[in-house]
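We just call them A, B, C and D in the order they show up, numbering each chain from 1.
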Amino acid sequence: MPLALITPNLKPLKPLMFKPKVAFYWCASCGGCEETVVDLAEDILGVVEKVDIVLWPVAMDFKYKDVEAMPDKSILATLLNGAIRSTEQEEMARLLRRKSQYMIAYGACAHLGGIPGLANQFTREHILKFNYEDGPAMANEKKTRPQLVTEENGRTPRLPALTNVVRSLDQVVEVDYYVPGCPPTPKITRAAVTALLENRLPPKGSVIAPDIALCDECPRKATKPANISFREFKRPHQALMDPQKCFLAQGVVCMGPSTLSGCEAACISGGMPCTGCFGPTSRVRDQGLKIMSSLCSNLEPKDEQGISAVLQGIPDPIGTFYRYGLARSLLRRKVNLPTD
Amino acid sequence: MSDSTNKTPDGKWTPRIVAFFCNWCTYTAADLAGVSRMKYASNIRVIRLMCSGRVDPQFVVDAFAKGADGVLIGGCHPNDCHYVEGNYKCLRRYQMLKRMIADMGIEPDRLRLEWISAAEGEKVRRVVNEMVETVKQLGPLNIPCKFEEWDKEMEALAGHVAHSQSAAGAACPDHAKPQTAQTAHV
Amino acid sequence: MSKTANPFEERITMAGVAEAAVVDRTTTLQTLLDTPAGRRMLTCIQCGTCAGTCPYGDYMEFSPRLVINMLRRGFIDEVIKSDSLLRCVACYACTAKCPRNIRLTDVLLPLVKEQVLMNNTQMPAEFQKSLENMHRYGNPMGESPRKRAAWTATAGVKVPLIAEVKCEVDVLWFVECYTSFYARGQENSRATAKLFAALGVDFAILGNDEKCAGECGQMTWESGLFESLAEYNMKLFGKYKFRRIVTGDAHAFNAFRFRYPMYGLTQPVEHTTQFFARHLEQLKPKLKKPLNLVVTYHDPCCLGRAVGAYEEPRALLQAIPGVKLVEMVHNRVNSVCCGGGGGGMWLDTYYKQKGMDRLSERRVKEAIAVGADVLAVACPYEVSRFEDALKVVPHDKPMVVRDVVELLAESIG
Amino acid sequence: METRKNEPVRIGFYVCHCGVNIAHMVDVEAVAKYVATLPNVVVSRNYKYMCSDPGQEMIQTDIREQRLNRVVVAACSPLLHEHTFRGATEAGGLNPFYFQMVNIREHDSWVHTDRLEATRKAMALARAAIQRVPHHKPLEVKKVPINPDVLIVGAGIAGIHAAITMANAGKKVCLVEKEPSIGGHMAMFDKTFPTLDCAMCVLSPKMATVGSHPNITLWTYSEVVKVDGYVGNFKVTVRRKPRYIIEDLCTGCQECVANCVYKEPKFPDAFNLGLGKRKPVYMPFAQAIPSIAIIDPEVCLNFKRGKNPDGSYTVSDKCKKLCVVACGDRKAIDFTQKAVDKEITVGTIIMATGFKTFDPHRTPYYGYGVYPNVYTALELERVINASGPTEGHLVMRNGKEPKRVAIVHCVGSRDENTNRWCSRVCCLYSLKLAHLILEHTDAEVYNFYIDMRTPGKSMEEFYNRVAEEGMHLVRGRVADVYPDPNDTASGRLIVQAEDTLTNRILKIPVDMVVLSVGLEPRPEAEDLRRLFNLSCSSEGWFLERHPKLAPVSTFTDGIFLAGCCQGPKDIPDSVAQAGAAAAEAFSLIDKGYVEQEPNTAFVLAEECSGCKSCIPLCPYTAISFNEETKKAVINEALCKGCGTCVAACPSGSIVQNLFEDQEIFSEIDGVLAPLPQ
């Protein structure tokens, strides 16, 4: 489905009288999303020309108080990437929400919780302990940990606290649009920004990607047999892969069938199966469960032992099926973990 | 969600079990149990599907997420599926689903798959009673409350933010609320 | 030996655990009809199979069928005023054939009999003496408890005492009274010890501390006596670690299987014949000495009808070289009781007074009719009963009574 | 979501008392009151009998007057009355699929004991339906033409009667029988109660009709091996086993039998239950239909000598083939015959596979198989029968006429250790046998019974009549049968039982014991059940759709039950049921089409990514991949509506009508929503 088709009924908004203000912000993310904005290459200049960037910590120097000083709704759109997992991120999300007409979850982490969302399998204490004490590369004999408040030279610097739960942006503030991907491709980003600037916005809550699974645009689509039946599951490093053939046909888990398209099958073209970063279609509530249902239905064995043997080929179902989507899954977090 | 725990009017917790029964075998068996006036625990809420193959893992997890303490799936015996082999597909998903819910911190015994033929009203009675007993032993799961508990940290911060940002202008109540509903896509 | 290949593997069940739910130890005649077992009695169709199959049905004023109906109608007082039920030898015939699966032998009749005892001050002396002995000495014959383990000196193999073993044993062998004190019973014990040793079984006995399991106390009249013996033995069991109980006494086996779980027994229980049948593949190569005998086997009630272990003892006998197994007219579920159960062991004089024939005589006649050299048994009561009966029933061909384990031990040489 | 786009959802909710069946355990008023508070509910009522005319009219009136566009009824199981209420919804002017049913009887009031809890459960289930029904869509019932031909499996009296009924009405019938001849158990009986007419005299004209009816294709010595398709269009494969006689060429002259190398019959004759003998080539019995001989390859010399070491067979030249010589130009004998599979297409199926008599080896204390003078009742039928092995002389295996006979009732009936049910016919056939014994001999006859059960027209009168003939009726179940210890030579037996009416133990010496064996499901019933996709009761009888309201229907549409395969019954009832099954089949056939529940699945064409995950999942190959659009397509005609593909579609792009994801999620939400305290 071409991108143009996803925004058929455009409601004309009031005309833009001034150069619109745009903010970029990053929360719990790797920085890859920021790269994408830069990757717009020449196009970025066009964007910069058309808009007034009021906040972009990675590239420009603005302060919290500058934003705070703006009138509410004075920013046209905030493109926020990263999951929300600290008090600072949450506070900024709320502030930017208040100041912006449109809040756009940019990238898989803001959209779904992303890779940071996998932390929802552990307690905050567990994570801190691993990172500051038990981690294999850790040399911290005193077991020093960052303190929320410290006394130093008469000053008391404060650090933001990690939250117990990693959240997608829409679990914290209302989100108007989602730009999916880890990271969003330049094409998707361009489409989103263009739609925004040209005032051709789809209905609120839309994910800016075709609402159809990736197989639709996968270059290996034709090589998938119509009688797939899984005798075993392999991981990509465990076998010599046929570079032309559908991954599932080779017994490798590929999330493509349950993941939105729009990335032009970038990973598959790069020789790796889809891991699901664009998230589920609008008809699916839980991406991980859906792909699991699909794959398991097509196992070959019918007896418990045989089934269990094949499923051993997926040693970490949570990490496999919820690589990006755990925080936005039906259960969100390992349910028996305490909060403190 | 005001009170998501399932309490009887006298304040005692009693489990809620959601059951997905296939139309041809297990649902009919439950009808038979009724016609035979067998007595069993009232904690079960049956949702009828045509086949155990229709049981989407999303249904099971959604039931847990909405407050079920246990989920029971009933289908036709192997080789007896009205739709030839929907029950095998159910079994395959069930095995992985058991692992996944365990990984997500739900005791696997809260999910049970049983083959119950149309003639086995007695088995419905036994399985339901056993299931209720098992879940009683495990205690309340109560995921909706956990969601509330998790989100307390946000409420706390929301209060703090509202306080510290109040100087900068009137807070917009609409935007302070996080979305809980699934976002609609195009 | 492969696990699945053994046809007798399934027999080792904790029958008692499931059955403990049938009734519990507090059930009385008044509360019986509210228990699951009692509700079965409401389904009785008065077909009379119980009375028809009862070996002493001819002599009963109140047949089991009638007892059920009197209970249902509220006329049970008339039954307990009569001594009719003293004739019940707890042989499980009525229970085994009942088309409604009513638990007469081990549930209804003991409760009625208990009331009979309380309503009849005149108890047969021989019987009363045995109960007293059980109470005082822990065995019905009034032998000194200190001599209980004396037989081990003549066992020929080492018989470890559990108190001296100090670690978990696989088998706690519950020897029981007749097999400890009576000369013929001790032969059974020596044979069992020999077989255990030959198989390399990790076993031990309780020695002089052991007291009668009390089955006859329970099955007949004296639930109080049974309670005290059961509690004593349970306390004793609690002191040691063992994985299963094995006993050669079918009556003790019955008590452990059905009643003791109500007192907390959790280990599985096996009769020696079940245990040896389970190890038949290991035993077979050791059975070298041919016996060249025509053997007929008498099913003990507490092993046969009570749990359906009909084939294990037969399999053992057939494994002995030279043994030709023949069946009596009444066999397996239809077997005729030796008359020793439910207190019958000590009621012979009383039965004679009432003009009743001895069941043991009825039984040996059947054995004689099939021309057996050996009447094989699997319960220590039967040895003395059938040997006594053979003294009075005329027969041309000599016949001896032997326990199955004795024959096995003999074949091992 | 709703089709009438601009119209808000208006739900009418009705909770049924079902007399007291529901109302005694569920506070129906409280349920109605609670539901009235739920969103979209416009009307919430409770009524004594919703399925009654006034109940249904109430719905229709409300639809019109309250402008309802959804209807929810909380009553019995949807399997019972969903159809009724869909009809009422439609009669009120709505699409019938705007209806949803809540089962608060079978799943609630009948199975629970705490009124408060049962009421709360009813509320939760009702709420699920209230939340579900706004998502309902208008659907249309699909009509599929029905093939007018019918398959009848089993040619005992029930199958025969059903076949003749259907064939007389002009329907093409394929009647399949496992044995070489039709007739079933009835052909083995001597006389029938209560009329005492000769069984074969009544049956053989009907058998002959079957054999010659132009509308009946009779396949004996044949078995159904495969069933595909569904109501209206079943594809059935029948295996015709080789009888080594070419049916079309055999004239039934039996010259082959007369000339067989075996001069004397030597092998046990199955029709006479082994009491008589037959040759390797034989006629099953004198009146067999079809009147065609059959060769038993197990004992025929040609087969024995022609058997190769690998089990294959070549026609032996070591055998003189006297039968072939006798057959002459008719050339009806073919030693090379092989099993042939025939495929037929039918619209409806009637199962009339009958019963098996109880094997009394399972009650060892009656001595069957141990003492030669213990017979089953069916064996006695053959002994008494004039065409039986003793030509109607009542003599025992030792050739002597019995002086005293005991008939033991309830062998393998009413017994927890064997079969729990009453076999219904044994009391009466035992009385009949007692009568026949008295007619044939001077013997004393003892009937040992538990309860004498003689319901039905003319049955008690029959009991009364034969009792007067002077048989002993003893009320007591026989406990033991054993040889008389005082007379071991004659084979005399002692029958021991309590005479419960005199409180005495009887030990009656008799010459012959007849065991009135009960009826039980055939051993192959389990395979047939799988083959035809039926259900069995826990006893193993084929399960009827409803014990009262649909006694000859099954859970598989288009398959009906007749005779003892559904449960023990006598000849009049078997015939009546066969007629009923035929009538049910007619009503389907004459309608011309079958309505199919519109619960099929469809692919959202725009949204399908063409991942092909669903294609191998469909057992009916209803899903295919369109190579042009590169998307999956479901053939609605082939889809049976299981929903497996829907659950497995990884992008949620397959939708099942009536069971849409949103509908189920709403139900889950509804059953779990907090209830008022």
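Following the convention adopted for this analysis, a residue touches a chain if its C-beta (ideal position, glycine included) is under 8 Å from a C-beta of that chain, and two chains touch if they have at least 3 such contacts.
Owing to the predicted nature of the structure, the values given are computational and were not obtained by experimental measurement.
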| item | value |
| --- | --- |
| Winner on C-beta contact pairs when A-D is weighed against A-B | A-B |
| Rounded Å distance, chain B centre to chain C centre (Cα mean) | 52 |
| Between chain A and chain D, centroid-to-centroid distance (C-alpha), Å | 58 |
| Distance between the centres, which are taken as Cα means, of chain C and chain A, whole angstrom | 74 |
| Between chain A and chain B, centroid-to-centroid distance (C-alpha), Å | 28 |
| For chain D, residues that touch 2 or more chains besides their own | 617, 644, 647-648, 661, 665 |
| Multi-partner residues of chain C (at least 2 other chains) | none |
| Overlap residues in chain B, where contacts from two or more other chains coincide | 53, 56-58, 62, 85, 89, 93 |
| Inter-chain touch pairs (all) | A-B, A-D, B-D, C-D |
| Contacting residues of chain B [partner chain D, same complex] | 1-4, 7-9, 16, 18, 23-25, 27-28, 30-31, 33-35, 37-40, 42, 45-51, 53-59, 62-63, 66-68, 79-80, 82-86, 89, 93, 117-120, 122, 125 |
| Partner chain C, residues of chain D touching it in the complex | 364-365, 410, 414-417, 450-451, 475-480, 482-483, 485, 488, 496-500, 503, 505 |
| In the complex, chain B residues that touch chain A | 53, 56-58, 61-62, 64-65, 78, 85, 88-89, 91-93, 95-97, 99-100, 103-106, 141, 143, 146-147, 149-154, 157-158, 160-161, 165, 168-172, 174-180, 182-186 |
| Touch list for chain A against partner chain B, complex | 6-7, 68-69, 71-72, 87, 90-91, 94-95, 97-98, 103, 121, 163-165, 167, 170-175, 178, 202-207, 211, 281-282, 284-286, 288-290, 292-293, 296-297, 299, 301-302, 304, 307-308, 311, 314, 317-318, 321, 329-337, 339 |
| Contact set on chain D toward chain B in their complex | 77-80, 103, 105-108, 110-114, 116-118, 120-121, 124-125, 128, 530, 533, 535-538, 543, 547, 555, 599, 617, 619-620, 640-644, 646-648, 656, 659, 661, 664-665, 667-669, 671-672, 674, 677 |
